[in-house]
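By written order: A, B, C and D. Residues from 1 in each chain.
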Amino acid sequence: MDFQGILDRLVAIRAPGLVKADEPRKPDPKDKKDKGRAGDPFVIVEPALLASFVEACRDDDRLHFEQLVDLTATDPSKDSADLWINVQLLSLKFRHRLAIKALLPKSAAKLPSLVPVYRASQWHERECAEMFGIVFEGHPDPRNILLPDDWVGSPLRKDYEFPKEYHGISCE
Amino acid sequence: MANEVTKTMPPSTRLRQTDVGEVTVDIRTPDLEINFGPQHPATHGVMRVLMRTDGELVTGAQPHLGYLHRCAEKIGENVEWLQYLPYTDRYDYLASMNNNLGYSLAVEALLGVEIPRRATLIRIICAELNRIGSHLVAFGTYGLDIGAFTPFLYCFREREWMMALFEKICGARLTYSYIRIGGVFNDAPPGWFEEVARFCDVFEQKWPEYVDLLLVNQIYVKRTANVGVISREMALDFGLTGTMVRGSGIDWDLRRDMPYMCYGEIWRDGAFKIPVAKGEMGALGDCWDRSWVRVMEMMESIKIVRWCLDHMVDGPVIGELPKTLKVPAGEAYVGIENPRGELGHYVVSDGGKVSVRTRVRGPSFCNLAVLEDILPGALVGDAIAIIGSTDIVVGETDR
Amino acid sequence: MQQTETAQGYVKNIWDSVKTTLVGMKITWRYMLQKPITVQYPDERMPIPDRYRGIHYLEQEKCINCLACARACPIDCIEMEAVRHGKELEWISFTLDYQKCMFCELCVYPCPKDCIHMGTEYAFVTFDRSEFKHDLLSFKGMAREARIRMKEAEAKKAAKEAAKAAGVKVEDSKAEEGDGE
Amino acid sequence: MTPALALAQQSAAVEVGSGSNAFLEGLVAALGAYLPMWALWLGAAVTGVAIVMGLISLIAMFSVWLERKVAGHIQCRYGPMYVGWHGWLQSIADGVKLLLKEDMIPRDADRVLFMLAPALVLAAIVAAMAAYPLAPGVFFADIDLGVFFVIAMSSMTTIGVVMAGWASNSKWTVFGAMREAAQVVAYEIPLGVALLVPVMVAGTLNMREASEMQSGWYGMGWFMFKNPFMLPAFVLYFIAALAETKRAPFDLPEAESELVAGFMTEYSGIRWSFFFMEEYAAMFLMSALAAVFFLGGFESPLTWAAGEFFGRELFVKGASGATELNLQAIPYHAVAGLTLLVKSFAGIFLMMWLRWTLPRVRVDQVMTMGYKYLTPLALVCAIGAALWEAGKQALLG
């Protein structure tokens, strides 16, 4: 199924939390400032309903997304008010992918964990949590995974300041 | 009597006195917590698994990562598009070509640049040769984990030639940085394709030796069959990819099912097959199945290389690219079939010279998550076999 | 791990073990009689291909101090410093920090004059880490020919000036500019 | 060496067993008129210990070199090449290195046990070596219970290994030690039972006598050919010996990819080399036992020819009635001793070849193999051989 088909199906099954779809487009020749958008199409989803959205995607027999391939977050820029949660779903049966994006306000970076739906997201969520300071509610094992347990700050946020020292070791 | 027993007993033992004057002693001791790694011969790098064992039996396991974390994703936000290429070499250092390829394809998905056919074919040859090399290491070191030293060196003998081939085409033996955005860096030197063909011939002769010496050896079979069984459902739930998922009997290969470059054409030509485990030696999805898939895949890669050599065309090896690379705004996720599974690159651009986000979805990272579930119940020796069979590269789990 | 074994399985187990062991031993025996494929490293060495990415070398005469390589470097390990005397360059330093360098060859491609190359030398051993900051210059300051040329030019200019000492002011276009990093 | 070693050796050489000691005989023949008997005994014991220690060191050194060359050539590489011709002095260089290494004892280790363990291991194997006959007429101790003594003594090394594992105060070493204990207990039985087969055929436990009994058929009257149950017994014995000497595929106590280095993890330098020497000496002893009881011991057509040509008796009664050394028989004894040595090293080579071919078995499979495969099969062999012998006697008288 191509993206349009998936989108139609999502609308048809009333997938919870679906906001809109975003598809790549060519730059508008009239508007100089518009650069268009390249890359993949994706759907935008309410973060609070992300878990139920992916569950609906998994359980629908026409979508059949058995695998969560990737879950990550993006901090688009320093001034952006939102973080993005990017989820990649994959259906082995129908050989299609779906990119999902959830806009999460930086001030309250909190959303329900996806682990009950896909256990694959367990480590991805731990990584997101330590790198972006996102809280996944209901995560079974919310420890740091790549960073030391006592790490301060969220390194992949754009406003992260590099520490001057770590345990008395100068990082200059 | 009871007092004497208590005195000599270790504090962990529990004592229960029944009313008829009998004393029941519970001599179970608490489980032994043992640090498997970070410096251990069988962790394939610096990974640490905190294991609880009851004698030889593993009752719990908890992988601890991050010893080799080199901030690859953060670096991606600070260097230019092309400059990030050498860093991709360094996460899965056994399959650098595939990493280069994944990153290049992701950026090209945003750029929309057309890749010359010769470049595509050279890319496939390099990626498949590197897959062979990576599987050789995986299979060889797996033998080493099981205790067979010699097949390891036989595997490295062939890998050495593969590395020499790469050394001829790009000048490096491990961190190639050869496949670049828009094509490849250099055209193949004269005589290189002939040598690749020779390598294929020799490899086909040597390949049965690995099977005879290790794969079907009864001790090897006994060590790996019915050990670390990952069921179909578990493989899907944990997002396992690549050899792990094929080892669980799921017929899935990105090269065939979501073809990139000209893999679709090669598949339609019937040049290669996807080996899927059938559970010949034990339960479906055990360690033996996974290693079998790897060994079989090497031969399929040889066939793909042969196809590319047969269909080689002349022409440029790099597409039309501006001098300073500016990538159009947008975001793309491209997953390719790395030797270890699906290597995904999620790149976000705002139209500038530097990426906004470079996310690497390492297959080892995802495949490793299953350890917590399959290690308990295994013996200590099995634990090594299971960790080895997931074929992780710590550079990629930690990035 | 406990499997129920049949008598048939018991015998088959023994048979398989013996057979596969003998097959393995046959293979290892064959290799034992063959000549090893390794080389005795310091005495013999593997041939190094032309494209080998080792320690850089610089064709200093060609280099125009354009900094293209330094900009292309992902880790900023190239630093160069030179003073320009008209057309001639007076070199002060062109250092590569091999503690950082990852031999990615990205500095070679953007060079407009094709003057920086990857060499074939790979063993770079020192007792002091500071020595890893390696200077690629084969000569410091100016090349002898360049110095001669400059002296000649200066002499010519001096002669011209002496000839035109009558009062015609010659425009001195030479502007020294420092082109450090 | 430590007094414990000397004591063990002395007791082995002199007191155990009822046979004589070739060195003692030689000393008596040479100096009997000048020195009191106790001095001769002591001299014989000291000589014996010195020779055994030298022998073990040499065997270990040569075996290490052989192992590295065999491993190298199997793996398409050269192995040691720089120290001497094809690196034959490599072991000496390594030995010097090991001697010069820092002697480390972990802080929380049990110091006494930690230091005692390697000595005990080595002492046990030195004692076991006492029963090894150098030549038909040259031996340290002609023990009637030879086989029994060797097996008993080489099992003693287990105690040292368990001690080392426990004293190191490390979890990996305890794993190694426990595996060793379980493994040796499991494989002692098939080893002993498999050895019973030739012992039954020979009717003696004395290694020298057993060897002499195989001198028929122009030196090819090996026990191997005397009974159809001998070949399976030999295979079973060999497998059990592999496990007994902690060699791959049964090297679980050290299992370098599982337990780092098993019971030896915390050892370094000369203490570690004691374990190493023990391993190779044990391999040699087990191979020598196999050679003596299955493969004809000293006997080969060459030995037979030398015996026919030079005469066999090393000590003869002289004209005066005193014991004298028969110099003429020395070539025969040299040939015989070399034959046994070559046969023993052939066994060691086979062990190495197997090691560099096979993967390691798992700990439960070691037990399964010991108890469920080797022990019953060895018993079948023993009973079959006994019935065969009995039938032969009944039929042929």
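The rule is simple: a contact is a pair of C-beta atoms (placed from the backbone, for glycine too) under 8 Å apart; a residue touches a chain by one contact, two chains touch by 3 or more.
This structure is a prediction, so every number in the text was calculated from the model and none was measured.
Between the contact lists of chain C and chain D, the overlap consists of B. Looking at contacts between chains, the pair that accounts for the most C-beta pairs is A-B. If you average the Cα atoms of chain A and of chain B, the two centres end up 24 Å apart.
Chain centres here are Cα averages; for chain B and chain D they lie 45 Å apart.
Each chain gets one centre point, the mean of its Cα atoms, and the points for chain A and chain C are 41 Å apart.
We define each chain's centre as the mean of its Cα atoms; on that basis chain A and chain D are separated by 67 Å. In chain D, the residues touching two or more other chains are 74-77, 356-358, 364.
Residue numbers of chain A whose C-beta contacts span two or more other chains: none are found.
Within chain C, the positions touching two or more other chains are listed as 1, 13, 21, 24, 27-28, 31, 37. Every pair of chains that touch is listed here: A-B, B-C, B-D, C-D.
The part of chain B that touches chain D in the complex is made up of residues 32, 34, 40-42, 55-56, 143-150, 153-154, 157, 213-214, 217, 219-220, 222-223, 379-382, 384. Contacts from chain C toward chain D in the complex involve residues 1, 10, 13-14, 21, 24-25, 27-29, 31-34, 36-38, 40.
The part of chain B that touches chain C in the complex is made up of residues 79-80, 82-87, 89, 150, 154, 157, 164, 167-172, 175, 177, 185-186, 189, 209, 212-214, 216-219, 221, 226, 323, 379. Taken together, the chain C residues at the contact with chain B in this complex read 1, 13, 16-17, 19-21, 23-24, 27-28, 31, 37, 46, 49-53, 72-74, 102-106, 109-110, 118.
Residue ranges on chain D touching chain C, taken from their complex, read 70, 72-78, 81, 353-354, 356-358, 364, 373.
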